[in-house]
């Protein structure tokens, strides 16, 4: 077997994953903290004010990274769901379930920061604009996944049902991303390009990228922590989990 | 071959049942007419305004009426033990799910499609918009039915599926609504509806291929609760 | 006195059942939010237009959501034999019917009433119109529930009640709608809503006194068809 | 004294007579076993007695009062149990009992746990009925019957789905009811051998 | 030869064992009577056998093939009948039969009227099932069973609601099935005395 595959496979066993998570949780949390602190410091205090929007544009450092994360986490959740359904890997069910509330949280932050930003720039908190609407719908999708998972008495059955929904819901992600092009709307189009030239000034860009990286690490941190708890809950009958609980006491 | 005969058998069964319950089956349709009628009455004064909003109102109404019909997808088969009977025999569930969706569309989708000109008339929609409205509604309801298939399969066994069904269906409807009513908007604005319709068609095709598989996988979840 | 305790017992039973099925019970509510949301999305561009139409849209939506809930009035009690059990014992049917309507309003009507401010917000209704909207919706849903009681009692035993229910309920809803949304219109136009509200109250009172009697008489019809 | 009297009764379905004219004369402490092939009309007859189905009869008396026209006096002292069990899946066993009695304008007089024990549902008092087995559900349906003070029981296949202990139990409940001066009409298929009925009525098609 | 083998099987509800480990070894032409008190887990066991409920077992074989992981080979030759009858009220008796078989990818091979006569439903072939009595509905549910060519029957209380002739009839159908090399597991409460089972399994709580 290919060594990468073998590593992945061994990680799939609950006790191994538990140890892996325990090892990496502090590091990811630390990275998130440091990167976030630097990025936010430069973004909020050092970057020049926008010539059009003034100081209110600084909300971008919260809004855009969480907007990216809200989409990214959904896609990731769907991938975990697909793996869970096809290969019946229990760990992926758990990762999926662990990712959902974090994604919902980022979606909520996007919506709230967007609304706060909308008031000074567009003069209204809410507008039935394409991107806002579809982001709201993304929040509903997250709620649907969470609600469906909780509606089943059995944890694993709930996870499988939620996985189907997560997969089916993936169609919404491109819609949210491209909505600014498909509809003529208030919300602005893409200004950060990975390939090609960004339309945003470098002194504004690099703190943004730092915060974005921090949000990724924060996600990893929260994901590992939640997954660890879920894993213990699901495996509470198994011997390794019992030993661990005894050892902790 | 046996899958095909099973699917067509289920199709005929569901159509027969729908015929026996024709009055219940027409309820979503009645609902659609009702909504439009009430809107026409309340907004009736200003005819130009009404006709400008006619297409989106019709699209929303049709999707909502379709949503109301989803309750019927698996509820009865789950309650009277038929679903368990299928799961405990060697039938090909995704073929059956395809048959169920087809039957459902022929009953509910088609009747809504046929009612669309009436709805358009009630809201004094510009007649030139009718063709694109009909085409988009035909595709849209077919796609919506597939969404309903999956959502109903996911909630068929749940004691408390009600609000979940709404929560699941609504986000998935949105893309259909965007491109569907977008197509009509485009024509209304003098543009070509081609790209919107193509995107709608792509979505519907994708849904039609994937939904029966997803539904089949979902129906087994929760079978430990007898009806 | 025993009638009173029977009615309150039924009331508590229905509220308990509603609590157990809270997710299903919220479906009409979800539906109302959904309708308003979709309308807001499709008509969203023009804010002023939306807010001008907000009150009639809300009234229509609330009545429709209420209509959807009528399906639940007697269907289950008829299906599991409870209705037959009542008819074959010495209970006072009209007292029970009154209890059923009250429970139904407390579950569906009240939740719609509580959701009305949210609907108003979604459609950016003028805040000054909210009080009259709430008062009219409160009375309107109560009257509508009584209408639903009678209509559901008439169709409880029918195999194919669906469209009949709509046909019975709809014409009866119209007076409520006219005076209810009329009251809001009056305030919007700077006039007094008093006479519209009084007429609405008169209707609701009349319905509340007569509906339980009519429903009790109707439930016996068709008892020769076991569930 | 005769508690319930029925003379020359028959029911029709689609303008055809279901069974030949039947006569019932039931005293206090007596019970009647109603037999007959599937589809002969046992359930229909029981439903007709409580007024859920049209009944043709020469006369029908309960405790000396004519109840052919107005079933009121009969229904006040009768409990009928049909094929549909009239229990709510979401409610617990005790809730089902409480509301069934409450809606009839009564309260539980004896201890509900003792009643549950009587029908063999100890330990399931607070389980939602949805989670019970078929035979356990049947027992739940019997609860309001034994908690009520009805003089006349009309039971449609009370033994179906019950295990042997459950059948004995129903017979014991019936005996208690009879010794208190009650009466019963019980439709059943041969499970009733455990106790000898006072009367036996076998429906036959005309 | 042994057709169906089950070793050391048990089911759990809410993390509690329902019944003690059971073993089944059923040859062709043999049938097993599954007994036990109400709520012991008979229906649950039957559901678990066809994969509707999680089953713990050491092994499970059908016709020599292991079917513990994948029920496919078992389900292709098995018909299970549960408490819910899986019939449609609005459809007629024959329509119910036709669609039940059709959806399983089969057609009615014998004359449907002859099949109806076999279960005693002559004259009701075209009646909507809604208009049948309880026992007649049960007979309708038996139709797809005898029209199928399933090797293994798993029947949950097939005798409930049937009259004495109906019970004899089911036993006759069962005999025919067994002489053709079929097998059956039948959960029932003491109505099965008419014919001696090849095996008897009484579930008891652990």
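A, B, C, D and E are the chain letters, set down in written order, and residue numbers restart from 1 in every chain.
Following the convention adopted for this analysis, contacts are C-beta pairs under 8 Å (C-beta built on N, C-alpha and C of every residue); 3 or more make two chains touch, one makes a residue touch a chain.
Just so we're clear, the structure is a prediction, and the values are computed from it rather than from any experiment.
Trainee: Would you kindly count the fewest steps from chain A to chain E, each step being a jump to a chain that touches the current one?
Mentor: Shortest path length, in steps: 2.
Trainee: Would you mind reporting the rotation angle for the C-alpha fit of chain D onto chain E, rounded to the nearest 5 degrees?
Mentor: It works out to 180 degrees.
Trainee: Can you identify the chain nearest the overall CA centroid, using each chain's own CA centroid?
Mentor: Taking the mean of C-alpha atoms per chain, the most central one is B.
Trainee: Tell me which of B-E and A-C has more C-beta pairs in contact.
Mentor: Pair with the higher count of C-beta contacts: B-E.
Trainee: Which chain maximises the distance between its CA centroid and that of chain A?
Mentor: Greatest centre separation from chain A goes to chain D.
Trainee: Between chain C and chain E, tell me the centre distance in angstrom, where each centre is the average of that chain's C-alpha atoms.
Mentor: Chain centroid spacing, chain C to chain E, equals 46 Å.
Trainee: Which integer distance in Å separates the CA centroid of chain A from that of chain C?
Mentor: About 41 Å, centre to centre.
Trainee: Find the geometric centre of each of chain A and chain D from their Cα atoms only, then give the gap between the two centres in Å, rounded to an integer.
Mentor: So the centroids are 61 Å from each other.
Trainee: Please tell me the distance, in whole Å, between the geometric centres of chain C and chain D computed from their C-alpha atoms.
Mentor: Each chain reduced to its C-alpha mean, chain C and chain D end up 37 Å apart.
Trainee: So which bits of chain C are touching at least two other chains?
Mentor: Within chain C, residues 21, 23, 41, 159 contact more than one other chain.
Trainee: By residue number and range, which residues of chain A touch two or more other chains?
Mentor: Answer for chain A, listing residues that touch two or more other chains: 133, 151.
Trainee: Can you list the chain D residues in contact with two or more other chains?
Mentor: Within chain D, residues 43, 83, 90 contact more than one other chain.
Trainee: Can you name the residues of chain E that touch chain B in the complex?
Mentor: Residues of chain E touching chain B: 43, 47, 50-54, 72, 75-76, 78-80, 82-88, 90-91, 95, 98-100, 102-107, 128.
Trainee: Touching chain C in the complex: which residues of chain A?
Mentor: 124, 127-129, 133, 151
Trainee: Which of the residues in chain B end up touching chain E in this complex?
Mentor: Residues 2-3, 5-6, 9-10, 12-13, 16-17, 20-21, 79-82, 84-91, 96, 223-224, 226-227 of chain B touch chain E in their complex.
Trainee: Could you list, by residue number, the parts of chain A that touch chain B in their complex?
Mentor: Listed in rising order, the residues are 85, 130, 133-134, 137-138, 140-141, 143-144, 147-148, 151-152, 154, 157, 160-161, 164-165, 167-169, 171-172, 175, 182-183.
Trainee: Where on chain B does chain A make contact in their complex?
Mentor: 147, 150, 154-155, 158, 160-161, 163-164, 167-168, 170-172, 174-175, 178, 182, 203, 206, 210-211, 214, 217-218, 221-222, 224
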